[in-house]
Amino acid sequence: MHDGALPAGSAPPGTVIRMATLLIEQSTAEAAPIPHMRLSRQEHERLRRARGRQRALTAYLFLLPNAVFFTAFLIIPIIFLFYLTFHNGGIITPAKFVGLDNWRRAWSDDLVRTTIRNTVYYCLLAIPSVFVIGMILALCLQRIPRGSGPFRSLFYLPTLTPYVTAALIWLFIVQRDFGALNVTLGLFGIPPQNWLGSTSLVMPSIAMLEVWRGVGFWTLLFLAALLALPPELYQAATIDGASAWQQFRHITLPLMRPTFFFAVVMATIWNLQLFDSVSILTDGGPSNASATVVWYIYKAMFQFNDKTGFAAALSFVLLLFILVLTLIEIRLLRKPA
Amino acid sequence: MGKRILSFADRRRLRDEAVVDFRHGFINRREFMLRATAAGVSAAFAGRIADAISAPAPMPAPSRWAKQADATITFIKGPHHPDDPKFWDTLKQEFEASHPGITLNPTFFKWETMDAELTAGYASQPADVVYLVDLVLAKFVNAGQVADISADVNAEDFAQEKAAIAPFTWDVTDFGGKTYGVGALGAAFGIFYNKDLLDKAGITEFPQTRDALVEAAKALTTDRVWGFQFRDSFPNYAHWDWLPYVHDDGGDVMTADLTAQNLDPKAAAATQYLADMKLVHKVSPEAGAYEWLTGNRPLFEAGGIAILHDEFPQAAVWEVDKPVSFNLGVAQAPATTEGGEQTTMGNFGYATISEKSPNKEAAWEFVKWWTSADVINPYAAEIGLQTVRTDSSPDFKSKLLQQVQTEFVPKVQGVQLAENYYEMLTNIWPEVERAYRGEQTGEEAMKKAGEVVTGLLGS
Amino acid sequence: MGQVDLIQVSKRYGTAEAVSAVNLAIADHEFIVLLGPSGCGKSTLLKMIAGLEDVSDGEIYIDGNLVNYARPADRNVAMVFQNYALYPHMTVFDNIAFPLKMTGVAKSETDQRVRQAAGALGLETLLDRRPEQLSGGQRQRVALGRAIVREPSVFLMDEPLSNLDAQLRVQTREELLRLHARLQRTTIYVTHDQIEAMTMGHRIVVMRGGVVQQVGPPQQVYDEPANTFVAAFLGSPRINLHAGRLDQGGSGATFVANGTAILLPPRLAELARAATTEAALGVRPENIHVLLDPAATDGASNALPATVSLVEPVGSDLYVTATTGDLSWTARAEPRLPVTPGQTIGLRLDLQRAHLFGESGRNLALAG
Amino acid sequence: MAIETEFAELRPPADITRATAARRKGPSLYLIAIYGILVIAAFIALVPFLYVISTSFKDTISLFQYPPEWIPSEPTLDNFRGLLADYPFVRWMLNSFVVASAVTIVKVVIDSMAGYAFAKMTFPGKDALFLVVLMTLMVPFAATLIPLFIIVRDLNLTNTYAGLILPALASPIGIFMMRQFIETLPTDLENAARLDGCSEFQIFRRVILPLIRPGLVVLGVFTFMTQWTSYLWPLVIGTKTEMFTLTVGVQSLRSLFTVNWGILSAGAVLSMLPLVLVFLFLQRYFIAGSIAGALKE
C-alpha cells in the first residue's frame, strides 16, 4: 500500500460502504421451516428456578462458616445494641422502654457535640499528615537502589506495637523533663511543653502518637501501589522530557486513585473510632479536650449509672456519621480516573 | 453429669490439653466444637439471648437441704499488689483447710476496666463474692445486683465482729435500712513530705493551717524543687486531693442527705486556694505538667517535690520495698483556720454477695472469714492497705502506715454514695481543671459544678 | 455422536439482546464456523453451548439431550480459549491431565492418554515446563492437548489463533484441519477472520448484531451472499457495492448511480422487474477486467472509461482502484500491468456474476 | 580486559526502572537528600523503642536520674529475670501466639471462601449482604463489648481459648480484602476448570487458592498483627492471669498501686520480639504480593 496522496476529487474508498449500508435492514435467515421448542415455557421456568436455587445454595455454603461467626458474635450484639437504644438499663437492671429519649439525648447532649468536634479535629490532624509522610517515604523507598528492605522493616516496627505498649512508650516521650520531645525542643531553646496537660496540645500530641504508629502501614501500602504501576509509563514520560514533578502529578497520582480510595475510606473508619490511646493516656482530659465519641460511649456504657441506652444510641449516631462521611468519600473519589 | 472432684494439679493438666472446663464437668475438644457450633446456630441459643434481654433471670435457689459441702465460691477483686495472685493462692489453701467442702476460686478484675468487667459479670453470671469499692457500690446496689445481708450481719454470732468494724463503713453500706456489704480494707489519702527539705528550710513542725502551708511551700520552692504538689487530672483520681479542702470549708459534692448540691458556693474558696498554688504563689507545677505515676512519684523520689498529696499505701513502697533516700513524713491536709477541722479522705472496698449467687451461705462463710481480724490484718499488712477494724490494726512493716492506721483512719471521711456519684465527678472535674489553669475563678467553676450536680440529682 | 441442535436460542443482558432466536442444526463430525465482526454474539453463542453462559430463551441439544440446565462438565464438550486459559501454577503435564484427574480417571490411564495427546501435538519434551516458559504457539497446543485428551463429543474453539503471529497462524490452521480429519469430532469454531472461515469450515454461519445472516458452505455464501452485509464481509479486497436507481427504459433495465448508467443483462433485468426503484449493485474485484485502452469501452454496455486513483501491488495480483464519475471501483489485474494513478483506463464489468440487492439489502437472486 | 571494561560503560545500567535517578555518575545531591529523609524517618520510628529497650536494661532505681542515661551505665537483666519469674510471661506469650495463629488460620480460609462467593458467584441478596459486611466495619467495637461479653459468657467460654478466638472470627475486613483480590483473577481460568469437570469447591481449592497465595499472605499477616495487638476484648474476657494475652499482661504490670518501670519495659520489649520476627520473615510477601493487588478496582 504506498500512501501517495489520492488525486483530488475521488471519493475515499470508505464512502462506498457507508452509502450502501443505509439501505441494509434486518434480513431474515434462509427460508428453512422454523423449528419450535420441545419444552413448554412453564417447564423451562421450573428448571431455571431449580438451577438458580442450586447455585444460590452453593454460594451460601461458601458464606456459611463466616456467617455463623458473623451472626453469633457481631449481628446479634448489634441487634441487642439497637434494642438497648430504646430502653434504659437492660444489662444489669430490667430494661425500661423509653422510646426515643436516648436518641434525642444523643443529638442534644453538648458533650456529644464536643466529642464529635474533637474526633473530627483529630482526623483532620492525623489522616492528612500520615498520608503525606507515608507518600513521601514511599516515593523515597521507590527511588533508592539499595537498602529499601531494612528501611521498610524499621518503618513498620511502630505499627506492630500493641496500643498499650505504644501508649506507655508515648508517656516516656512526652514526659515533661526527660521526655524525648522536650529534650529535642530544648536543643533549639524552646521551653518544655506541657504536651498532655494543655487543652491545645493534647490532641496534636495524640495525633503524633497515632501518626508515629500508623505511618509504617500507609508507607508500605503506597509503596506496594507504586511498585505495581507499569514502569513503561515512566520510561515514556522520561523520554518525553516530563519532570519528576510532572510525572508524579500526571502519572503517579491518577493511577494511585484506587489505592487512595481504599486508604481514605479505611483511615476515616478507623480514626473516627479513636479510643485506646485516649483512654490510656488522658482519659479524655484535660477538660474534655481529648474526649472522643467512642471514649464517651465507653464511659456512658460502663462507668455512669443507667446510661447504657444513651451509649447505645450514641454508637448508632457515630455509625450514621461514619456512613455519611464514607458515602461522600466514595462519591468524591469514585469519579472515573 | 456426675461430679468428679479432681485435684488442682489434674484440673490444670487437663486444662492445658485444651480440654474445656464446661460447668465443672469435662468434655474433650471434639465434643466442645460440636456444642459450640450447635450453640452458635441452635434456636435454644437465640432463646438464651431473649432471657438475657428480658430480665436477669434469678438462678434457681438451691434447696435448703443441699449438703453444705460441695460448693465452689468465686471471689473477684482488684489487684492491690503485684504479688496479690500469690497471696491469694496461700489464702485459698488456708480457707479450704478451715472450711472443708467449700472450694475458693479467687479471680481478679483490672482496675482500669473494673466497670466493664463488673457490669458484664452482673449481666450474666457474676462471682459469688465481689469486692466493690464505694464509688461503684451504690450503682450496683441500686441495680438490685447486690444481696441484702442484713439478716447475717445482725445475727448474734456476728454481733461481736460487727462492733469491731468502723461504724462509718456500716453507714456506707446501708441503703434504705438494709445492709449490703462488710467493710474490708482500703486506702486513705493525704500528704507525704520530705522531712530533710523541711528541716533545711527551718520548718520543724508540719503546717496545720492553709496559710502556714503556703508560707512553708514558698520557703521550700527552689529552681530544682517544687514546694507543694497535688494531682490535677481525673485519670489520676485528682478529686481525692481536692475534696479534703472542700470538706474543711463545710462543702461536699452533695449535702449530707444527698438531696442537693453542696459545692456552690462552699467549695469555691478551696478550689481557688489550690489554683493559687499554681497561678499566684507558683509553688506547684502548671496544671497537667506531671502525670501521677510517671511524673509526681518519680519527682518526689528524686527529691524534686517537698510536699506531695498521694495515697498512703505508697508509704509501704517508699519506706519498705524501695526506700527513698530521705526522711519521710505523713500528714493530713491542713485545716482552713487555726484549730479548724482536718479531713482525711479514704476510698474503701466492701465484701458483697451477689444477688444471683447460688451459694449465699457458703459466700457468707467466706466473707466472715476474710474480714475477720486474724485474716484481714496480716493480708493488709502484706499489701500495705488500711483496714477498717477498730479492735486491731495490721502490724505494718512501715511505721508510717502504722501511724496512718491509728491516727488518720478513724477520722476518714467516707464517700457520698449516690448512684450518679461517678458521673457527677466526671462532669465536675473539667470545671475544676479550668480553675487550676486560671481560665476561670473558683466561684465560676463551682457555680457550673453545682449545676452539673443538680442536673444529675434530678435524673 | 456430536450432533448439536440450537432451537430459538437467545441471550439477553437486561434489555439488550446479544443473541436473538438462532436456529442451527450442526451435524456429527461437522466443522462449522461462526463468523462475524466483534460484538456480533458469536462468542456468547459458543459459551451458551459450553454452559458458561445461561440461555435466556430457546433450547440447546447435544447428542439429542437438552443441555440448557446441565453443568458444563456434564455436556461432554471441550473448549479452547482465546487466551488459552492454562493453569499458571501447574506444569504442562498437569494442565493436560487436569480434566482426567477431576473426573476420577485412574492414574495409569491418565498418564498414558496424556503422553499420547502430547505426542500428537509434539509436546513430549515440554511436559514438565510451566506455561510462562512456553511460546504462544506451544501454549496454544497445550490448550488443544487439554481439550483432546478428554475425547469429548464436541470441540468448541473461541478464536484460538488470534494471538498467534501471521506465519504461525497459517501453519496451526492446517494442523487443526488435519486434527479434525483424524479425530472426526464435531467442531464449532468462532473467528472474525474470514480467511480462516473460508478455508476451515464445512459450513459458515455469518452473524451480525446477534442475528444469523446466512448459513451455508463457504463458496456458496461467497458466491450467493444473502444480503449486502454478507457480500461486504466476505472477500478481500471488499466487493464494490453501489446504491442507485433502476430505470425500466425502452432498451431494458438500466442501473443508474451518480451519473453512471449501466445496462443490465437479461438475468439481472429479470430480477430488476420485481425490485422497487431502490437497489444496490455488487461486483467483486475479480469480476472487473482492466482495459489499458480506454477507447475499447465505447459501444460495450458493460464497459466504462475510468481514471485510476490507487494502485496496490500484492505480489500475486495488482489491485487497481479507478473512478467513473462519482463511483469508485476496485479491480483485480495482472501483477505487472503498467498502470499509474491518474491514467485513464477502461473497466469491463462481468455482469453475469454481479449481484443485485433490493430494499433492506436482500439479494434479489435468492428466493423469499 | 581493557575492551571489556571499555564496553562496560556502553551497556545501559542494570535496572532502568528502579532508579531512574541513579544514572548520573556518583551519589548525586538528589540521592543524598532521599537517603537523608529516610534515615531521619527511621530514627524517629526507632527512638521510642531504643528508649524502652534501654530502660528494660536499667534497674528501676536509676530510672529517673536527671538527665536520663540513654545507654545504661550498669545494664542488668534483673528486669527480664524478674518478669519471667514473677509473672506467667511465657504463658501470656503462648496465649497470644495460640489465639493469633488460630484466628489467622481460620480467617484466611473462611474469608477467602466468602471473598470468592462475593467476587465470582451470583446469588440473591449479594449486594445487600456485602453492604452489611461493610457497615459492620463502622460499628465501634467498644459499643458491642457488653452484648458480646454476655453471649460469650452464656456460652461459658470466659477464660478459655475459644472465648478469645471465636469472636475475633467475626471481623469483616478480611472478606472485603479477599473480594477485591479475587476479582482481579481472569474468569477464563474458572471457566476452563468448570469445563474440566470441577465442582465449585474444587475450583476454589485447586485453581483459586493457589493463585491468590500473595493475597492470603497479606491477609494472614494483617490478621495475625491485629490479633496480636488487640487489647479490649482479651482484657474483658480473660479474668484469670494465666489466660491473659501479652497486651493485657503487659498492661497489668502497670497496676494502680505500684509501677515497676523496669519490668514494664522488659515486658514491652519481649512482647514486641515475636511479631517483629514474623514480620521480617513474611515481609517480602507482604510487599511483593502486596495490598495493591487487593486494590485494583
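Going in written order, the chains are labelled A, B, C and D, and every chain counts its residues from 1.
The rule is short, and it goes like this: a contact is a pair of C-beta atoms (placed from the backbone, for glycine too) under 8 Å apart; a residue touches a chain by one contact, two chains touch by 3 or more.
What you are looking at is a predicted structure, and each value in this text was computed from that prediction instead of being measured.
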| item | value |
| --- | --- |
| Chain pair with more C-beta contacts, A-D versus A-C | A-D |
| Interchain centroid distance [CA atoms averaged], chain A/chain C, Å | 50 |
| Distance from the mean Cα position of chain C to that of chain B, given in whole angstrom | 90 |
| Length of the line joining the C-alpha centres of chain A and chain D, rounded to whole Å | 18 |
| Chain B and chain D, separation of their C-alpha mean positions in angstrom | 38 |
| Two or more partner chains touched - positions in chain C | none |
| Two or more partner chains touched - positions in chain D | 64, 66, 145-146, 150-151, 166, 251, 254 |
| Overlap residues in chain B, where contacts from two or more other chains coincide | 45, 49, 112-113, 116, 119, 123, 294, 299 |
| Pairs of chains, among all present, that meet the touch criterion | A-B, A-C, A-D, B-D, C-D |
| Of chain A, residues touching chain D in the complex | 55-56, 58-60, 62-63, 65-66, 69-70, 72-78, 80-81, 84, 91, 133, 136-137, 140-145, 149, 151-165, 168-170, 172-173, 177-178, 180, 183, 212, 215-216, 220-221, 223-225, 227-228, 231, 234-235, 238, 258-259, 261-262, 269, 273, 275-276, 280, 293-294, 297-298, 301-302, 308, 311-312, 315, 318-319, 322-323, 326 |
| In the complex, chain C residues that touch chain D | 47, 50-52, 71-73, 77-79, 81, 83, 85-89, 98-99, 102-103, 146, 150 |
| Contact set on chain D toward chain C in their complex | 186, 188-189, 191-198, 202, 207, 210-211 |
| Touching residues on chain B, where the partner in the complex is chain D | 18, 20-23, 32, 36, 39, 45, 48-49, 52, 76, 78-83, 85, 107-113, 116-117, 119-120, 123-125, 293-294, 297-299, 301-302, 311, 313-314, 317, 321-322, 383-384 |
| Residues on chain A engaged by chain B in the complex (per definition of touch) | 68-69, 71-72, 76, 80, 83, 89-95, 111, 171-172, 175-177, 194, 196-199, 279-280, 282-288, 298-299, 301-307 |
